[in-house]
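For reference, chains read A, B and C in written order, and residue numbers begin at 1 within each chain.
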């Protein structure tokens, strides 16, 4: 168990290291930092001095290590657009993004998991088909289409809710719903198939044949076992919250990290893009680690130290 | 006697196996010091239970797996490493027949192109010559041109093995290794395939290593036979002689276990104890826990393969006085 | 079972269409229609996709001159839609082919060399699967700017890890025993073993995976284009049209609705086909 978690932690660190390397390589391939930061009017002497000052005359490997060290210190560069540290710009946008993503996550879990369980226990009924139909729609309707459709209905035609901005909580309703609905559909579909897999297994039949009440079979045997893949899926959703926010924040002009990323990309504001990349990777890696710790509690095979097969 | 086509000198093959998920790796000696020679046109049968290392021996001799110790020489030259260009070219001269003919054939291709494949690989003949050769080969193994147009799953087990045989013979090899070639087939067609093998071996002058657990078949196919137990040859000799007068207790047990008409059950030597486990090799003579004639020193002394009669070798302390005496004297 | 008398009727596949579920038939018709539209885009589009008709700006759908209406510059929405379908499908097809080729090759390399190569491929696959692709794509676009070939290649990095895992698993299974080992010991080169034997044997599984990845590529491209970072004007794609139509959502929602519906129906249709193919050809996939 300890060994397993240490292995996972090592892989998490490796992921972050890969992201940092990726950012370094892409930056080096796209532009000379001296030219980018000093601008086209810089004199050759200035460029030489700058290179010396920033260690750009060192070998690429030394530069890479310096780059790594700077990131460990929290130095992620200066935004080229307004001259402030990139990390500050990103940090002040994070609350706005969390204000959307956390309620959306609650919708996903609160609707998706019960709907999936319900559908699995009423397999083949109208309820099941409705849940599955919605789940397919949730997958095939892109969030920007869903968001704009909601705007069209609730803002333009009915006039009930504002279509954008961030003045009070009413403005957050449509973006939260947009983000939550698609995820809820995917989670419902996932939970349903996890439940069906567990329900088809011999130990469930054995338990119900022994005369254990069906309700207790579900609560005591089926749900804990179906929880393992479902927790993975939820963990993945937490990890990709930021990615989902990019599109939805753009649709509703919501001033969060996702919107910042789109703006930074269109202005080629490299430092900010890299900073967001790291925040996203850190979120991903942390949620993966949390899922792995949860696994330890959910999966008795892991607790005892043995581990079977891959996933 | 001419120089041997295949000479195998003390080959060994070891695997590391884990017991359980977190267990320490245990070294398994699948093959542990096997030597023999094979002249052109000669047939050697290898008999043994599963786990005796007979299939691994076949694979090492063919160069499909490297030997961890010892060496294999083919036509006087050492075996090149698997996968190299030399090794690939050499495949035209040595071929293998597998236990499972359906698994050995590509189920997405009809039979004829698969029989033709060695000719394509080794670039033998032109388009027309290859087609003619395929027709000839199919005919040779008793398949029609129509069979050649079918897919593997549309043939019976025996027909598939014939197809595999035709493919193996396409490049006119000198040496053929047959690894349990009939044990996956229906009993009713085993004899047909064995007869075909015997005929082809004689007609084409193939050197053949015939691996089987079935004594009767080995006896029918091979002139010489080697008996393997836990990775070693325990007895080797002329087939008829060896089966008529087995020296090693293990050979005796095998021979008596095979049903022979006209012999009374009372003569049977019954093997006791657990079947051999390569991961847990007994000390001394590996056969001693099951041997009805085991002596106390069998537990300590490893018998060597020694000549007990002209053309006859056996590894047993009962016949190896030289190994037994000094040991006892030392006590 | 006698060896000689066994006569199996050869390839007795009757030439009649299998019964298709209604959803699958509809999906087939839709996808077929999309492909025809994409192929014949220039011939069937009533106007050029940049042609202006300043007298009919923001005209409603249903008019004989402009069936799906026009945008605020008087450009014909139907013509733009047809061109967009072509561009979006080209990107999605190109990207799917690239990612299938890349993934399968890497999977085969991992299976062939094992050891370090395999570890690296699996590590990259894990990395690719765990990082949100949209963010990575945005980062690359930020650094490199944007052209159509770059966009296709970038989308071609989407989903390769799934082909790589499948190809590696199946090639390892085939290589350790059976036909691949048999052909190898005939003296065949590794290339011959993989290209001529293993690839045809696992093709159906790979094709099913392609139909499962394809709709995701469409969604990814349309998302990027919607954000204004994918296909660049004056070129147009489905996501691009939606992003553009957003500005006029109050006055002219039709500009946005027709491409939005096209995206939804296309991804839905390909998903339905993919699920159906998976159930038919390869129930072992997920």
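As a convention for this text, a contact is a pair of C-beta atoms (placed from the backbone, for glycine too) under 8 Å apart; a residue touches a chain by one contact, two chains touch by 3 or more.
For clarity, every value in this text was computed on a predicted model and none was experimentally measured.
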Most centrally placed chain, judged by C-alpha centres: C
Taking each chain's C-alpha mean as its centre, the one farthest from subunit A: B
Distance from the mean Cα position of subunit B to that of subunit A, given in whole angstrom: 58
Distance from subunit C to subunit B - Cα centre to Cα centre, in angstrom: 51
Chain centre separation (subunit A, subunit C; CA means) in Å: 24
Contact set on subunit C toward subunit B in their complex: 1-3, 6, 8, 10-11, 177-179, 182-183, 185-190, 192, 197, 200-201
Contact footprint of subunit C on subunit A as seen in their complex: 11, 14-15, 18-19, 22-23, 26-27, 29-31, 136-137, 139-145, 148-149, 151-152, 156, 163, 239-240, 242-243, 246-247, 250-251, 261-262, 264-266, 268-270, 273-274, 276-277, 280-281, 284, 288
Of all residues in subunit C, those that touch subunit A in their complex: 123, 126-127, 130-136, 138-145, 215, 219, 222-223, 226-229, 239, 242-243, 246, 249-250, 253, 256, 260, 263-264, 267-268, 271
Complex interface listing, subunit B residues touching subunit C: 62, 64, 83, 88-92, 95-96, 98, 100, 103-109, 117-118, 121-122, 149-151, 154-159, 164, 167, 186, 188-189, 192
